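Two complexes follow with chain A in common, the first pairing it with chain B and the second with chain C.
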Partner chain A sequence: MITAGVDVGTRYVKVCVVRDGRILGADVRELAGVFGDVVRASENAALDEAGLLGVQVRRKAVTGFGAAAAARLVRRAPHFLSREVPVLDEGVCAARAVTELVPGARTVIDAGALFVRSLALTPDGRITDRAVTEKCAAGSGRFLEMIAASLRVPQEEVSDVVATAANPYRMSNSCAVFAESEVISRVNLGVPGPDLLAGILVAIAEKALTLATRAEAAPPVVVVGGLGHMPSFLRVLGDVLGQQVSVVPMDPQLAAAYGAALLAAEPVVARTRSRGA
Partner chain B sequence: MSVFSELRRLAEAPHNDYLAAAARAGRPVVGAFCTYVPEELVHAAGAVPYRMRAVGSSGTALGDTYFSSANCSFVRRVMDQGLRGAFDFLAGIVFMNGCDHNRRLFDNWRHANPATGFSHMLFVPHAGSPACLAQYRLELDKLARVLRERLGVEVTDDRLRASIALYDRRRRLLRELAGLRRAPEPPVTGTEFLALMLAVTAVPPEDAVELIERALEEARAGRAPAGTPKLRIFVTGSCLEELSHLELVESHGAVVVADAVCLGARTFDRDVGDAGDPMDALARRYLARVSCPRMMDDVKGRMAYTIDAVRAYAADAVILEKLEFCSMMSGENYIAGHELAKAGIPSLALTRELYGGEVGQLKTRIQAFYEKVGNRS
Partner chain C sequence: MIYAGVDVGSLTAKAVLLRDGRVAAWHVEPVSATPGESARRVLEAALEKAQARRDDLTRVCATGYGRHEMTFADLERSEISCHGLGTFTSNPVVRSVIDIGGQDCKVVVLDDAGLVDDFAMNDKCAAGTGRTLELLARTLGVSLGELGPRALRARRALPVSNKCSIFMELDVMQWMHQGRRAEDIARGITASVARRVAALAGKVTLRPGVCISGGVSKNAAVVRELELALGVRFVPLAHDPQIMGALGAACFARLEHERAREHDRRVLRASDPVSSVDAAATPDCAGCTGGAP
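Our next item is the complex of A and B:
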């Protein structure tokens, strides 16, 4: 069965078209401009890559911060067969992707643009506990983006720049806005940019440590989400957690969309009525 | 080496050689969370009282597993330190119901159960009426029983009188040193005084007395580390232990000459004395000394203390310190700002996170305030 998963995050839209667990087509694009246009464009791009038409997708599920809005959109312009689009929890989707690709994983750390999420799993992949960052952006990918922009470091160079840090600066603010001011103060006091960026990665990793400890998470730890692209983050996270961490063996940013597509094929989810209208 | 350098070294670490020596001599160390926990009682039970602190804290990652970011940074950092084993040298901790954050700290501490010995909550009434005094006296009896059960030492009247005499001596010496700051060229800066307070509340009181005497000797010898300050500042607040923050306050030619903070006047104001039943005397002193905003019936007393001290120490302005999410200091600072304005005393309310890095914003606000105060004269 061909299914699709749409993950509408706070910064990016991710779409995965899947048949029997195999990704046929996928797309990741920045959520900038008109919401509906971006989501549709992303869906179409994933379908094009898969060489499919929308009607060939039997089931679809949406997840992410903007999932409810995306579900409403699909119902209004149904170019997929099913007009009932279940809205799924991001954590459940991420965990589903991890259990598919890394059987036996006990902890999933989802480090995305706005939230960092820690999920504790049983050996057979059921979620036993979870913890998510609180109301603000501190400890998220967006936080890193803000600081990188303040330091004029392009996003794709952050990991390499952090690798040159000699003495990571310890951030003392838990609020991203205040942390940005703190960074500017420290730049003026002569703290090198790489040390500040490394400090941000440590701050995010420490958030993940807090959440993983709260959720009583165990090894092995698998990372999903956009920050999984960053080798420096994985290294810092491993240091902070005091254990080896691995990244999910796919584009980590697509993991939740992939998990949503997998879940869309499952009978329980297929019976779920859409919500969030 | 100047004793002030040694005091600074002691202030900057959660543990020190004096505590190690006490442990080798078989004296347990017992942490105390508030100035309403009578150190004399802990000392009379054969232990070294240790003022709990977040000194040396590197973050709140583990503390945040128990607290949210809307909790005060003091409890989050102390919890973090506790979970990382920084207080494993303690034989026990006496908590106190200072505020909701502290109460939850007690709950979380018991749940997490770090290797810090026993945990006891001293319930201190929120007022100083005769009924509250009687209740506080009962709570002290209960604390004495807990200490006896945990440490195996009976707090007899004689032991308690000896401890009270020692602590009264420490208080007199601290008051004498604080009094020298009235001079036009204060012999001790606010940062140095805070370092001294951190140090003397982290070593056995016998050693503390000796350290203060050495500091007094140096202060009397005519030192003036900051010369004649451009501005003389009075600081109020509750939890204030960051030397770097007071250094910021004392930048631009200002010097802190007096305070009403926990690690300051609240520790050394008023003696217990040697008259009557020592436990009664202890209870009276702790409920009668300059109070903390948690005490609900003494706002006028605190305002009067501040205004009197501002005049006695010829302070030009007051800085009202508070930690983010401290609701007690929020209310207190609002009242204090109005009362000080009525008395013609300029004030600045500063909100910060403990060991926060908001240097830029704080510096700008402090500079602007000093400029405003400077323009008045």
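Our next item is the complex of A and C:
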């Protein structure tokens, strides 16, 4: 059966088209401009990559921060025969992707744009505990993005730049907005950019550690979400957690969309609505 | 006699000159170069306005974030103390001060002499400070000065999170995606900032005679929301709310000078044989039967 998972995050829309656990087509695009247009364009791009028509997708599921709004659009997509589009919890989707690709994983750390989430799994993949940032964007990908932008370092170069850091700089502000001003004043005082970025990665990793401890993380630890793209983040996170961490063997940013597509194919779909958590 | 107060914050430097208990001159300018240099410049500018010279200054008190770098100052006081005494001087009925600046938010409760009795402060999280208003005005595509007037024209307040500036930005973006009116979003933003400040004020017991100061006090929508949330009407201040810290510092310079003069007078009296005899003899005179030499 061909299914699609749509993950509408706070910064990006991710779509995954899947048949029997295999990804046929996928798309990641920035959520800028008209919401509906971006979601539709992303869906079409993933279908094109799979070489499929909308009518061939039997079931769909949506997840992510903007899932509720996206569900209405996805349901009304042309040639989509089933009018049912469940809204799934992001944590459940991320865990499903991990259990499919890394059987036996016990902890999932989902480091996305705005929310950082830690999930504890049983050996057979059920979620037993979870913790998520809900009050503050300190330690989120958006935090890193803001600081990288104020240092004029493109996202894709952050990891390499951090690798050259000699002394990670410890921010005195944990608030992302204040840290941005602190970074500017530190740059003026001559603190090297790589040290500042490395300091931010340490702060994010420490946030993940706090969450993982709260959710009683056990090894092996698997990372999903956009920050999984950064080898430097994985290294810092491994140091902070004191154990080896691996990234899910696929584009980590697509993991929740992939999990949603897998769950859409399963007969009983948990219909949890969530906002953030 | 002229007393000077200099307040160097994170964004602006302020100087106030106090002559005969009145504000003789004041000056505000953006912080440039080092805090010490900014302080010197703003003080010179205020002196020029008052047509006075550096030698005319009796005492100078420094406050604010850059106060440790003002080597020329005679004394230093914390921003909290200076804000308290400054607003109290500007309007003697003030007993509680809510100061919302660019980087922090303070709630100060005063005693009947204008000195600090209790306070609460947030300088850890940008939500509930001017920085958030600046960030969200930019997101909404209006100038900071326009945000308040726009919010006042709203038909309703769209809910906006008050937990974190970044979350607030996200809510604002979602409302914008849905094509909601900028006025209603602006109202949601100002209400959210006011809720956050009201929560901080809830940590202390406010005394009647509440005033608002700091840059955000210029945003009429935040001020109105906050009055509603706290159930008070803010008392007015006689001077620009931005100079309260510097005014308080100048008052501390005067207090310090008067205290020192009083001390000198006592020392002088103790070392002067005639007045010390007088001082020592006077109380005893009550029971004197007239046998004095």
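Convention: the second predicted complex is superposed on the first by the 264 of 277 C-alpha atoms of A that agree within 3 Å, B and C clash if a C-alpha of one lies under 4 Å from a C-alpha of the other, contacts with A are read in each partner's own complex, and residues count from 1 in each chain.
The criterion applied here is as follows: contacts are C-beta pairs under 8 Å (C-beta built on N, C-alpha and C of every residue); 3 or more make two chains touch, one makes a residue touch a chain.
These numbers come from a predicted model, not from an experiment.
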Fit or clash - chain C, chain B, common chain A: clash
First (chain B), second (chain C), both or neither touched by A:R170: first
First (chain B), second (chain C), both or neither touched by A:T10: second
Touching partner for A:V153 - first (chain B), second (chain C), both, neither: neither
When both partners are placed on the shared chain, which of chain B and chain C touches more of chain A: B
Partner chain(s) touched by A:V240 [first = chain B, second = chain C, both, neither]: first
Touched partner set for A:V34, first chain B, second chain C, both or neither: second
Which superposed partner A:F178 touches (first chain B, second chain C, both, neither): both
First (chain B), second (chain C), both or neither touched by A:S140: second
Touched partner set for A:L262, first chain B, second chain C, both or neither: neither
Contacts of A:N188 with chain B and chain C, given as first, second, both or neither: first
Clash-bearing segment of chain C relative to chain B, given 151-159, 223-231, 241-249 or 277-285: 241-249
Where chain A meets both chain C and chain B, residue numbers: 134-136, 173-175, 178, 181
Contacting residues of chain A [partner chain B, same complex]: 134-136, 138, 170-175, 178, 181-182, 184-186, 188-189, 206-207, 209-210, 213-214, 240
Chain C-facing residues of chain A, complex: 10, 34-35, 65-66, 114, 134-137, 140, 142-143, 173-178, 181
Complex interface listing, chain C residues touching chain A: 10, 103, 124-126, 131-132, 135, 163-167, 170, 174, 177-178
Touching residues (chain side chain B, partner chain A) in the complex: 58-62, 64-65, 68-69, 353, 355-361, 363
